[in-house]
Amino acid sequence: MSIPWLTLAIALPALGALVVALLPRERAELGRRLTLGVTLATLLLVVAMAFNFDPSGPRFQFEEVIPWIPRFGVYYAVGVDGIALLLIVLSALLVPLVVLAAWRERDDNGGTPGAAGSADAERAGSGNGYFALILLLEAMMIGVFAAMDVFLFYVLFEAMLIPVYFMIGRYGRGAERRRAAVKFLLYSLFGGLLMLVAVIGVYALSARSGAGTFLWADLVGADGALAGLDPATARWLFLGFFIAFAIKAPMWPVHTWLPGAAGSSRPGTAVLLVGVLDKVGTYGMLRYCLELFPEAARWFVWPVVVLSLVSIVYGAVLAIGQSDMMRLIAYTSVSHFGFITLGIFAMTTQGQSGAALYMINHGFSTGALFLVAGFLIARHGTGAIADYQGVQKAAPLLAGTFLVAGLSSLALPGLSPFVSEFLVFVGTFAFHPVPAVIASVGVVLAALYILWMYQRTMTGPLPPALSRLRDLSGRELWAVGPLIAVIIAFGVYPKPMLDVINPAVEQTMQQVGVSDPAPALGHVDQAANGGEGASE
Amino acid sequence: MPHTALAAPVITTQPPQIDYALLAPLLVVFAAGVIGVLVEAFVPRPRRRAVQFTLAALALVAAFVLTVVRVALLPAGGAGLTVASASIAVDRPTLFFQGTILVMAIASLLLIAEHRHGESAFAAQAATVPGSEEERAHVLAGSQHTEVYPLVLFAVLGMLMFPASNDFLTMFIALEVMSLPLYLLCGLARRRRLFSQEAAVKYFLLGAFSSAFFLFGIAMVYGYAGSVNFAVIHDTVAAGGAGALPGGGPLLLLGIALVGVGLLFKVGAVPFHSWKPDVYQGAPTPITALMASGTLVAAFGALLRVFYVAFGGSVAEWRPMMWVVAVLTMVLAAVVAVTQRDIKRLLAYSSVVHAGFVLTAVVAASAEGLAGAMFYLAAYGFTTVGAFAVVTLVRVHEGGAESGDIASWAGLGRTSPVLAGSLALFLLAFAGIPLTSGFIGKFAVFEAAVSAGATPLVVVGVLSSAVTAFFYVRIIVLMFFAEPAEARPRVLRPGRLTGAVIGVGVVATLVLGVFPGPVLDRLSPAPGAGTAEAQSVPGGFATTADLFANR
Amino acid sequence: MTPDTLDARAGHALAAAAEPGFAAFGTDPWWITLIKALVIFVFLMVCVILMIMADRKVMGRMQQRHGPNRFGPWGLLQSLADGVKLSLKEDLIPRKVDRVVYIAAPMISAIPAFMAFSVIPVGPEVTMFGVQTPLQLTDLPIAVLLVLATASIGVYGIVLAGWASQSPYPLLGGLRASAQVISYEIAMGLSFVAVFIYAGTLSTSEIVDAQRPIWFAVVLFPSFVIYLITMVGETNRLPFDLAEGEGELVGGFMTEYSSMKFLLFFLAEYVNMVTVAALSVTLFLGGYLAPPPITTFWAGANEGWWPVLWWLLKFLAVMFLFIWLRGSLPRVRYDQLMQLGWKLLIPVQLVWITAVAVIRVMRNEGAPPVALGAVILGFFVVTLAALAAWSRAADRRRAAEDAEHAERIRALREDPMHGGFPVPPMDAPHYGSSVPAEELRSARPAPTPPTDKREEVTGA
Amino acid sequence: MELYAPIFVLGGIGAAFVVVSMIAGSLLGPKRYNRAKLQSYECGIDPTPQPVGGGRFTIKYYLTAMLFIVFDIEVIFLVPWAVHLDALGVFGLVAMVLFLVNVSIAYAYEWRRGGLEWE
Amino acid sequence: MDPMNYIVLAAIVFTIGAVGVLVRRNAIIVFMCVELMLNACNLAFVSFARMHGNIEGQVIAFFVMVVAAAEVVVGLAIIMQVFRTRRSASVDDANLLRH
C-alpha cells in the first residue's frame, strides 16, 4: 500500500472543482483550461493506476479503509476490482472529451442573443459554473465506482444527482429543460430514498450481532454480516436496491425520465449521463444487488429478465419513432441497458462478462454518438431529424464519425460493442434460449433505427439551409477521435479488458452461488477471440 | 391518613439544597432578562438598543459557555444529576438540547438585532393602530421596541428549562415561560402588521388551548401516580399504579394522550399543526427563525423526556398513538406543502414534515432514537435558521416588506448567486440530499426506527421525503432555471449579522453533513449497545428511562 | 391510605381531626348555628340602619346642622322609614337593559356581603343555651381569604350592574368602581401579609388570640394605617366615592336602578362597611380582647360575655372613623385616587413587608441586637431616601409643569395673532377649526415630511 | 365541610332576604306605565351598545385589570409564605425577597413607561 | 362525598371549556373558555391531592393560577391590540392568513 491512487483520483477533480468554482466570472478562459488540465491529469493518474492493477492478484486492489462515522459503522472505504477499474477509466476518459466538446458552447438559456438583459444574464450564468460541476461530477463518479462501503456508495450515488440536476436544468438546452431536470431529480430521488430504506435495513440487520457495519467486505459472503438473512427480508431489501438501480439504469418502465433529460442536456452532459452515470445503476446491480442478496437475486432472475427484454424491444421501437436525435439516442440506450441487465441476470459467466464489457463499450459508442450529434446540433441549432438532410456532402468528416459511432452502437462486428453484445447473447442462450431469441429482435431493430437515422440526416440532397455547415474542427476531432479509436481498437482486441473483468465476474458468480450451465462454452476470451462471425 | 396530611402540610424546615453551578446558564439568562427590563425602564432611549443587544448577546454566550463547562461537572459513565428538589435534570441530553437551543438563540438574536437604516424587523410601536397617524409618527421618530430583547431572553429561558424539566410542574411552567413571550413577539412585525397581530392571536389562543390540554393531562397523570416527578411516575407505572387509586389505568392513558396533545402541539405535529403556517408567516422573520429552531428543539427535548422517562414503562400504550401522528404528520403536511405559494408558509409546512421525521425516532424508544432525534434537531435547527435568514433579505423593494411569494423569487440564482446558492443548500439539506446535515439526520432517525422494527413508518417517511423534495426542488428550479420575474424582488446586501448567520448555517449544514462523526459519537452510547434491548419488545423498554440518566 | 378512608361516613370525624385548632368549630348543633346566623343577620341589618342614621346625624353635627330628626326619638327611625319608602317605589326596569344580568347584579352584590361576616369573632367561647360555643359563626384555616373572596365577588355585582344598564354613566361608573376596588384590594391584601407573618395563621380566631400580648395595630402600625385607607377605598366611601360621584357620573353604576334593587346596592355597601370595620378590629385592634390597661386590673375582662362589649366598642370606633373621614375630607380626583393606590400604598407595603419579614427572621434566628438595629436603621434610611427622592421628583415635575404653563402663556402673549393678549387661540377646539389644537401647543417643528423613509407600514 | 356549612347558612338567610325583598318590592310598588320611564337615564343620547363586540372600554381599564392580576398573584404567593415564615426561615426570606425584587423590577418598568398614569 | 365526583366535575367543566373554545367565535370568550379549562385542571389537581394525601397538587394549583394570570395579561394585550385595529374580536374575521 503505497500510493492512495483512488483517493488521489477523487480528490484531484474535487479540488479542481473548488478552484474553478471560485474563479471570478471574467476568467472563463482560465477556468476552461484549468478544467481540461485537471481532467487530463486525472486521466493520466487513472491510467497509471490501471497499469498497476494486477489481474491475477486479489479481486480488490488499491484498498483504503478509514473510519468516517463510527457511530454507524461507516467507513471511507475505496477499492476496485476489474469492473470498477474499467468504469473508472471510462469516466476519466470521457470527461476530458466532454470538456473539449463543451469548449465553445454558449449558454443556452432561452434568451435571444443581442438583448442586453439576457446577455447580461448569460454572462452571469455561463462560464466556470458548468466546468466546476463537471469536475465535481467526475470526482463523484470515480468515488461511486470505487466505494467499498454501502453508505459511502449511497451518499455519492445520491449526491451525484445535484451536479447533474444543475447541469441539465441550468445549463441544458430547450424550453423543457426545467421540467426534465426536475423529473430526473425526482425519479432518482424517489429510487434513492427507497434504497435508503434498504440501506438502513442492511445496517440494522448487520447490527443483529455486535456493532453494525456498512463495509461491503464485512457484509457479503458466507460469514458476512448478512449471511443467513431470512429470504423474505432479503427480497424486500433487494427490491429497495434494485428499484433505485433500475431507475438509474434506466429500465422499462421507470426509464421515462431519460429521453427528456438527455434531450434537454448539452451533448456533453448527455454523454456523462448516459455514458457513465447510468452505468452506476447496472454496476450497482452487479455489485450490490447480486452480492449482498444472492438468494434474492436468484429468486428475481425471471422478472428482471422479462423487464430487460421489454426494455430492449420497447427502447428500440420507440427509438425508431423519435424525431429528435438526442431523444433517439437516449432511447437506444434504454434498449442497450436492457442487454446489460439481461447479461447480468442471465447468471452465466459469459453473460456477466459481456454485461460488464457492454457497460464500457456502450459508454464509448453512445458517447461518440452524443458528441457528434451535439456538434451537429451546435451548428444548426436544432435536434430535429427532419431539419437535416445530406449533411455528408457538406461535412464528410462529421458524417463519417457519426457513421462509425452509429455502427458501433448497432454492434457491427469489428467494433467493440459487438464483443460485448455477442457475449451477452451467448450467456443468455446458455441460461435459456427464449430470452436470447427475443433479445435478438433488438439487434435487428438497432440496425433499423441507426441506419434510418443516418439515411435521413446524412444522405440525400443538401438543402441550401445546410450548405454552409462547417465540418468538424480540430478541437472537435480531438474530442471524438479518441473514442472512435478506442472503439475500433477494442473491437479488434478486447482481451485486455476481458482479462481484467473475468476474475471479478467469477468472484461474483461464486458469491451469488451460481455456476455456468453444464455444457460450458470454454473460456470466454477464446470465444471472443474466435468470435469473428463465429456462432455456436 | 390523607386528611391529616392535608391539614398539616409538611413545611420542611430543611431548606432545599440547590447546586447553583448546575443551574448557572438558566440563572444567567434569567438575570439578563430581568436586567433587560430594568434597562428598558432606566436607560435613555437612544442607547437602549446597544445596551440591550450587548446584554442579551453576552448572556447567551455566557450561558453557552457554562453549558459546555457543565459537561465536565457530570459524573462519569453517562449518569446525570438533578437539581432543586429534583425538578431540573442535568444530564447529557439536557446539556445537548440546551447547547443547541443557545446556539440557535444566538443566531436568531443576530437576526433580531439586524438593523438597516435604523429599522429592525419589529414594529416601531406595537401599541399603535396599524395605519394610524400615531403609527406614522412613531415610524418617523424612529421608535423601536427594545423590549424584544428581554422577551427573547425569557423565551430562551423557557426553552432551556423545557427539555431539562424533571417533573411536570416545572415543565408546565417552562412551557409557559417559553410561550408567553413568543406570543407577544409574534405580534411585533414591522410590516404587514395585521398579519402579525393575527398570527399572535392565533398562536396565543391555540397555544393556550393546547397548554390547557397539557395541564389536564398532567392532572390525570398526577391522579394516577400521586406525583408529577418523572422518576416517581416511571416507578408507579412499573408498579402498576399508586396505592390511593387502584385501577387508575384509564387515568394514565388519558394523561398520556392529553400530555401528548400538548407537546405535539408545540412540536407542530398533524393534527395539531394548524397554527404553524399562520404563525410562521405572520411573525417577524427573526422570531420565526427562533421558533422554528429553538422552540422545536425544546419541544422535542421535552417530548422525548416525557415519553422516554415518565412514560418509558408504557411504551406499548403510547406507541400506536405516535405511529398514527407520525404518519399523519409526514403525509398530510408534505401534501399540503406542495400547494404553498409563500416561502414562509412553505418552510412552516416543511417544519411540520420534519417534526414527523423526528417523531419516527421518538417511536423507536431506544438509545438510537434519542441520539437520532437529537442530531436531527441540531442539524435542522442550523439549516432552518439559515433559511429564514435568507428570507429576511429578499424584499419587494428596497426598504419594503419581505417578498414571500415564491413566484417572485424566480431568477434569484442569476442575480444573487451566493444567496440563492446558500438557500439552495439549505433546501437540499431539508430534502435530505447526502453530504448535507439533513441526510445524516434523516439517516439517524430512520435507522433508529428500523432498528426498533418500525420499518413501515420509515417507508412512509421516505415516500413523504420524496414529496417534500418536490417542493424544495421547485424553489431551486425557480431560482436557478427560471427567468427573473418582471417585478423582481430586491435582494438586500446581507448585513454583518445576517451574513454571519447565513454563513454559520452553511458551514454547519456542510460540516454536519460530511463529518457528523464527532457529534454523533457524543450523543449516544457505543453503537449497538442499545439495540439489543430495543429489539426485545416490549419489556426491554423499561430501560428507555435510563437514557436520560437522571433518576 | 385506602379508599375507604375517604368514605363519606368517616368524613365527619376526619374533618374534626383534620383542622387542629378548629375543634371548637363545626361541631355546633344545627339550631345553635341557625341562631348565630340569624343574630348576625339581624345585627348586620340593624347596624346598617343605624349606620345610615348615624352617618346623617353625625355629618349634620359636623356641618353645624341637625340632621334627620323627624321620625322616632331623635329621628332614629328615619332610615327605617326611608327603607320602607324605597321598597314601595315603582320597580322600573329600563327597556334596553340586559334583564337577567340587571336583576342578578344587586343580588350578586348583596349576598356575599352577608357571608363575609360569618368568620368575624365577636367573643370567646361562651355557654349558650347550655351549649359551649364560640361567639363566631365559624372559623376556617383560610378565614381571612374568605373575606377577601367575598369582597371580590361583590365587585362583579358592581361591574355587571354597570354593564347591564346599557347606558354610559352606569358603565363608566361600574368600571371606575371596579378599577378602584381592585386597585385597593391589592394594597389591602398586602397589608394583611404583615399580620399573617406575626400570627402565623389565616384563621380569624387565632389571629385574635395572637394579639393577646399586644395589638397588631401597634406593632404593625403602617399596615394598620394602610388598611384603614384601603378600607375606605374598598367600600367606595368618601373621600374615595368616585364611582358614584354625582357631579360626574350621576349615580354611578346605580343610575338605572330604582326601588328595592337600589336599596340592595345601598345595603350591600353598608354591610361591606360593617364587614371591613369588623375585620380591622379582628386583625389589628385585638378583636374581642379587652383593651390592655383594663386587663391589668380586671382579670375577668376577657371572660364570659364581656368581650362582646369590647368588640362592639372598637367596632363602633372604626365606624365612627368612616363618618368622620366623610365629614372632613374632600373627594379626591380619580387620577389622584389611583396614584395613591398604585404609586404610594403598594411600594410602601412592599418595603414594609420586607422589613417585617427580615426583622422577624433575624429575631427567630437569634441575630444580635446590633445587627437588628442596623437593619432597622437601614430600612429607615432607605425609606427616607426614597421619600426624599420622590418629593424631589415631584417638585421637579411640578416645576416643569409650571415652566411649561408659563411658556404656553408666553407663547400666547407673543403670538401676534392675538395682539399679545391671552385670548383663546382661534383654532382651539370648539372653534370649528379643522386644525387640531395640539399642533400649536407643541413647540417642536412638525415632523419632516416623509421623503426617503416612506414605507408601507401596514398593508395586508 | 362542617366548617363551611354555617357560611352557607348565613348566605342562605341573606339570599332569602334579598330574593323576598326584591319580589316584595316589585309587587308592592305601583305600576304606572310611561314610555319615558323605561328610557335609560340619558339626556337624549342613545343608549350605548354592548361593550363586548362594540367595545368602548378604555384601554386603561384593561391595563388596570392586568396590573391587578399581576399583583394579586403576588399576594397569592405572599400569603402562604407569610403564614409559614417562621418555619421557612432564612431560605424562605431570601426566596421571597428575590421574588419581590423581580416583581418590583416589573413594577418599576411599568411605572417608568407610564403604565401608572391616569387621565 | 366521594372525591371522584370532583374529578368528574372537573372533566365536565374542562369539556365545556374545550367545546366553548371550538364553537365560540369571539376571541375574548374563547379565551375565557381556555381559562375555564385551566380552572378545571386546578379542581382536578386539588381533588387528586386530597385523594393522595400530599400537597403537590395544591402547589401545582397555585402555579397554574399564576400561569393563568400571566396568560390573561399577555392574551388580553394581544386581543385588545387586534381588536383596536379591526374593531372586532371575532376570530372569524381574522382570516388574512389563509393562504
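As written, the chains take the letters A, B, C, D and E, and residue 1 is the first residue of each chain.
Note that a residue touches a chain if its C-beta (ideal position, glycine included) is under 8 Å from a C-beta of that chain, and two chains touch if they have at least 3 such contacts.
Quantities reported herein were computed from a predicted structural model and do not represent experimental measurements.
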item: Length of the shortest touching-chain route, chain B through to chain D; value: 1
item: Steps needed, at minimum, to go from chain A to chain E via contacts; value: 2
item: Centroid-based (C-alpha) most distant chain relative to chain A; value: C
item: Centre-most chain [mean C-alpha coordinates]; value: B
item: Pair of chains with maximal C-beta contact number; value: C-D
item: Where chain C and chain E are represented by their mean Cα positions, the distance between them in whole Å; value: 29
item: Whole-Å gap between the CA centroids of chain C and chain D; value: 11
item: Chain B and chain E: spacing of chain centres that average the CA atoms, whole Å; value: 24
item: Where chain B and chain C are represented by their mean Cα positions, the distance between them in whole Å; value: 47
item: Junction residues of chain C - those touching two or more other chains; value: 1, 6, 11, 15, 19, 460
item: Sequence positions of chain D contacting 2 or more other chains; value: 1, 65, 72, 84, 89-90, 92, 111
item: Multi-partner residues of chain B (at least 2 other chains); value: 1-4, 6, 130, 193-195, 244-245
item: Of chain E, residues touching chain D in the complex; value: 1, 26, 28-29, 62, 65-66, 69-70, 72-73, 76-77, 80, 83-84, 87-89
item: Residues of chain C defined as touching chain D within the complex; value: 11-12, 15-16, 19, 22, 25-28, 33-34, 36-38, 40-41, 87-98, 103, 106-107, 110-115, 117-119, 137-140, 145-146, 163, 165-169, 171, 175, 179, 182-183, 185-186, 189-190, 192-194, 196-197, 200-202, 250-251, 255-256, 259-261, 263-264, 333-335, 338-339, 342-343, 346-347, 350, 353-354, 357-358, 360-361, 364-365
item: Residues on chain B engaged by chain E in the complex (per definition of touch); value: 1-6, 9-10, 126-127, 129-130, 169, 172-173, 176, 180, 183-184, 187, 193-195, 197-202, 204-205, 208-209, 212-213, 215-216, 218-220, 222-223, 226-228, 242, 244-245, 277-278, 281-282, 340-342, 345
item: Of chain A, residues touching chain B in the complex; value: 67-73, 109-111, 121, 124-125, 154-159, 161-162, 165-166, 169-170, 177-178, 181-182, 185-186, 189-190, 193-194, 196-197, 200-201, 203-204, 207, 210-212
item: Residue ranges of chain E in contact with chain B within the complex; value: 7, 10, 14, 17-18, 21, 27, 30-31, 34, 37-38, 40-41, 44-45, 48-60, 63-64, 67, 70-71, 74-75, 77-79, 81-82, 84-86, 91, 94, 96-97, 99
